[in-house]
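In what comes next, chain A is part of two complexes: it sits with chain B in the first one and with chain C in the second one.
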Partner chain A sequence: MQDLVNKIVKRYQTDKTRLMDILLDIQNERGYLSHDDCSELSKKLKLSTAEVCETASFYHFFSCKEARYRIYLNNSITSEMAGRQLVAEAFEEACHTSFGETSEEGLFFLEHTSCIGMNDQEPAALINGIPFTQLTPFRVKELISGLKEGKSLEEAAYESFGDGNNAHDLIHSMVNNHIRKRGAILTNDYKPFDVIKNKLCKRSPEEIITIVEGSNIRGRGGAGFPTGLKWKFGRLTKAEHRVIICNADEGEPGTFKDRVLLTEFPELVFEGMVTAAFATGADIGVLYLRHEYKYLLNYLNHVLDNMRKKSLLGNEINGCKHFNFDIRIQLGAGAYICGEESALIESMEGKRGEPRDKPPFPVEKGYMGYPTIVNNVETLASVVKIINNGAAWFDSMGTSDSAGTKILSISGDCLFPGIYEVEWGTTINDVLSMAGAYDVQAIQVGGPSGMLLSKKGFDRTLSYSDLATGGSMIVFNHSRDLLRDVVLNFMDFFIEESCGSCSTCRIMPTVLKDKLLKILNGHGVKQDLEELVSWGKLLKISRCGLGQTAGNPILTSLSNFRSLYEDLIQQDKEFDTGFNLEKAVVESCNFVNRKPVFETKNLN
Partner chain B sequence: MEKKVIATTSLAGCFGCHMSFLDIDERLLDLIELVEFNKSPIDDIKRFTKPVDIGIIEGGCANSENVEVLRYFRENCKILVSLGECAIMGGLPAMRNGISIDECLAEAYLNGPTVQLNKEKILPNDEEIPMLLDRVVPCHEVVKIDYFLPGCAPRADLIWDALVAIVTGKEMDLPYEVIKFD
Partner chain C sequence: MADTIKIKIDGKEIITAKGKTILEAATDNGVYIPTLCHFPGVPPKGSCRICTVKVNNRFMTSCSTPVADGMTIDNNHDEIKDYRKSIVELLFISGNHFCPACEKSGNCELQALAYRLGMLVPRFPYSFPNKEVDASSPKIIKEQNRCILCKRCIKTIKDKEGKRYFAFNRRGNHLEVVLDKQMGQAISDKLAQQAMENCPVGSIIYKGKGFSEPIGSRKFDKKPIGSSIEE
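Let's look at the complex of A and B:
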């Protein structure tokens, strides 16, 4: 055991900030993490065991349970809509175990997991990191019996490959891109590395920043901070090193655009990182890749190797003096919160993914204390096109406050789920009609942290001043029970993914969900609706975006679908806690073998 | 002015809030001028003998008797005040909420290291004993509570000020530093 830990610790030069990679490697080679591993690691890295364990226990894909096949079945809403329940039962039956447990022979470990970025091909599961999409009970049975008979996971997975690069030798995945509409970013005429070779060194970094600023591009992750300004701040901070991070931890349920960009256009994304490095004077580059996309890792590393060979990465890039920059890929280990830039940086430093207090912002003091620019995958891809075609070209697309295009990930009740690149300013009506969504009851714009829109809002436009979005669009038709199926699912997501640092975010989503359950169980009164709104406001004092938006599924459905709530509450009662004494004593009475008696004693 | 009638009780609590109440010391004499006590451990009256203006509840609900007493208070009191951590949030007794009631009972009566005499493995099931709830709940999850006084225990001054405010109908001065949750 010590040998393995020793070997891996040496691989990372006994650097404790690489704890994530060390844990991932140990788990990769041993199949799980043992407590002994953690205490051995703590000795080697001069950390306390608690410090190692707090990182190891924070991330979803680290597991102390030994199993040959780790099956993580997605529990996002579109998965539920596509028959997840039946697939889950099929897994339990075929593997002879239940979720959260390992099967007797130690062969299978079953677990639920939050959105794995396959919303357009659900139900989907990750088995030892390999995505299996569009699962049905039949296919599950087939798959599991195959594995039991000794078939390899690769054989099982390679029955058919997805489109585009998914069939590439280094990916070999059944995942499909489903690119349905191409725009300025997803065009096929992209000539890789033209910008690095012919555009960068001829200009000064300041000129590049000016072009990016002039294009008015804003961050594509959802928050919409002006990219040029971010770069400028990063450049202004004096430091020995500067860092460019590409945030590929898209965890917002319903978004999968970064997966497609990294599958089809990794060169474009990396070229964007090199461009950002040139403009800001950065020498360290990191792509933070969510663990769910680990199946792309070999391919992405291959692209990086090729770039190094062609002198597009490394020292004096493309012969450009003093321009040294390289990129490494940091794998995540399953945590939505790591999409928040400061949590992502914490994670990269080997810690729990808990957001930092701001200020200082990452552009002043980020990864290892160096000024750090964290950009979304799509932002970096767009920047290359901007340098190539000019700021005015980009700014001419979209609306006055939202320049350029947006790549949407559309899923749910529509005929053609997939990737659509549209100009900002597109209305929801257009989105629905584009994706073949009819009989629409509601659309979730921006994922669970966004809003549930009713028909009244379908003429609203996608733009930073109206409906700002990271691109997740989930459609629900009239057969869906919005509160029971959708809103509860989203609340469970936030409860699961809160890092637990702020008490508001740790507690309030559960409190709000309990209240919703109370209403759904027929015990709601008018006051409950008022309390949902006023208590929901408390979340705004949370440290990061996750906490601040964790009440949105309830708050936005309450404001846009108020009648659904009104219909459930008791009009004739002013107060009802929903407390049921008879039910509350059943468990203890059963255990002590006693019949509950409820004579109304006259205490008077 | 007619004297207001006060009742108090301790449910799943430690009586610490009542102790804190007694810490108003000589002001008890002033309080007696303003109010009259009905059902309360302070005067040992066991049953309500008249309608009560203010009911003060210490402790949350851990068993069926707690729930019955709380409901009995709600029926007989115009205003109910949750006093202290346990009444407001369940407090220490609620620490069992993360553990199933089966496990709790087994640990207490069957498997715990201090269980030595229970050779026949008897579990308390006499019908005179209150039935345990599956989880400890704060008072406002059972009945409507009008006011909440936080603290473990709430300081005597806070209890005094609150009582005076309710009795006189004047707004209470609640500076930030007075409100303590532990």
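Let's look at the complex of A and C:
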């Protein structure tokens, strides 16, 4: 036992900033994190056991429960819409256990998990890291009985491979890309590494930055910061090392475009990182890959190895003097908040993914204190095309304030869920008709942290000045109960995924959700609607974007679908505590096996 | 120092030094900004959010934000005052704070802030969570019902090698601060007492010794919190 921990700790030079990797390796080999391993590990790293558990307990996919098969069933809204409930019941029945528990023989562990980036092929689950998509109760039954009979997970999984690289020997996955519309980034005419070989060294870093600035590209990860300016800032602080991080944490429910980019165009993404490194003078490169995409890890490492062999990574890249840069892949372990750039950096340093106070910004002081440029997968992919085709080419696409294209991830009630690359300026109506949406009641733009739009907003345009978005689009038709199904699901997501550091973000979303439940249960009055708005404002003073937007599901549905709320509240009452005395008495009587003496009417 | 800069807090001009935080600059100049998670001498982590001020019209936590020349800071806006009070209320409803039965009453910063900010009763419904009390250490009782997760104990109580006695566990609304089982067994009296003193509320209770000052004549019973800064 100690041998294993010892061996793994040595693999990382007893470096506690590599705690994530160490825990991942232990769990990989042992199947779980035992108390003994954690305590042994803490001795080796000169930490208290509580400190080791502080990191381990933060991440969803670390588990101290022993089990041969770890089944994580996605609970995002599109999964629910595609029949998740029945699939969940099928798992419980087939595995003889319930969610959060391990089956008796220690064979199966069942757990819910937030969006795993498969919204266009739900319900989906991860079993020991392998994605299983479009599950039905029948397939669950087959799968689990196969595993019980001793089939390997691979045998059970590979009924057929998905399209494109999903069928590659190093991926072998049933996931589908569903690329439905290709634009400037997703075109098939990409010649890998042309930019590294023929464009970079001839120019100065400043020239590259000028091109990127001239293209007017802004970050595609959600915040929309001008990429050229970020790179410029990244150069300002004097430092021994500089770091480029590609943010592939893609956790916003409903987005899956980075998965497709990494599956089909990893060279493009890595070439973008090399370009960023050249422009900023960075020598350290990291791709932070969310745990849900671990099935791509071997393939991505293989691409990196090939690049090293061809001198496209490493020392003096492509013969370019003093240009040294390499990339490693850091796996996450299940935490939406690690998509926030400073939380991501904390995670890379072996800690809980707790966002940092800003200032200082990562460009001044990031990973290990070095200036760090964090960019989204799509941003980096776009930059390569910009260097290849010129700033003007890129800037000519889109609108006056939003240059280029945006890759959308569309899911929900539509005939063709999948990936669509469109120019900025596209309207919601365009989006809906492209995807074959039908009987549309609402669309969620930008994931739970974005907004729920009603018909009134369908002629609005995707752009940084109107609907800025990371590209998650979820369509709801009229059969959906927006408040009970959609809004509650989104609130649960934020409650589950908050890092918990800010008092506001830790507590307020639950307070708002409870009030929504009160309204849904028929106890709401007008004052409750007012309070949702006034209380929700407090979230604005949270440290990071998660807390600041955690009230949006309620606040945006309240402003765009007010009548849904109005219909639920009691118009004749000014005040309702939400407490029903008779019901409470019945509950307590039932508990002690007595009969209440009053007549039970009006129970709700 | 050469690096003096000028800032304005609530209209009052203040001359301060580069490198200070807004909170430090304010405190030096007799302006009280309420704090909970901040502990002087250790790096800030703006987590309670109560020290929020408006800087050039943006919300910033004053404990973690360095001053910059020409900053205009709003510490007295009705909106900010209401946010601060809301935070205190949230902290009350998210735990189980029965002040009359608490060892820390009168010395508790949360209670003192509730008085100072004029909280009568929280506007939010109580959640009455199920929390545990960990009394397994011979020196310390860790009362989870009262913990406001400010991290002060995490940041300040360490052994000679820098190992921490306290740590976070889990995340989101399941977040808690726990005492390391093994280290909790061996903690010295001095450190245990220190932990109790550094805790703003009554979540860390040192076992054994009673309290010399009776409730009613303690620190905040005599003067509201922040008075010493404003004097």
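Here is the rule we go by: the second predicted complex is superposed on the first by the 581 of 604 C-alpha atoms of A that agree within 3 Å, B and C clash if a C-alpha of one lies under 4 Å from a C-alpha of the other, contacts with A are read in each partner's own complex, and residues count from 1 in each chain.
Operating definition for what follows: a residue touches a chain if its C-beta (ideal position, glycine included) is under 8 Å from a C-beta of that chain, and two chains touch if they have at least 3 such contacts.
Since we're looking at a predicted model, the values are computed, not measured.
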Touching partner for A:Ile541 - first (chain B), second (chain C), both, neither: second
Touching partner for A:Glu111 - first (chain B), second (chain C), both, neither: neither
Which of chain B and chain C A:Val592 touches, first, second, both or neither: first
A:Asp25 touches, of chain B and chain C: first, second, both or neither? neither
Touched partner set for A:Phe575, first chain B, second chain C, both or neither: first
Touched partner set for A:Ala584, first chain B, second chain C, both or neither: first
Comparison of chain B and chain C by chain A residues contacted: C
A:Glu341 touches, of chain B and chain C: first, second, both or neither? neither
Residues of chain A contacting chain B in one complex and chain C in the other: none
Chain A to chain C touching residues, read off their complex: 39, 46-51, 53-54, 57-58, 335, 352, 357, 359, 495-504, 506-508, 510-511, 514, 531, 535, 538, 540-543, 578
For the chain A and chain B complex, residues of the former touching the latter: 575, 577, 579, 581, 584-589, 591-598, 601, 603-604
Chain B - residues contacting chain A, complex: 47-48, 64, 67-69, 72, 100-102, 105-106, 123-125, 127, 131-135, 137, 140-144
Chain A contact footprint on chain C (complex, rising order): 44-50, 52, 59, 61, 64-66, 83, 86-87, 90-91, 93-94, 123-125, 127, 148-149, 161-175, 178-183
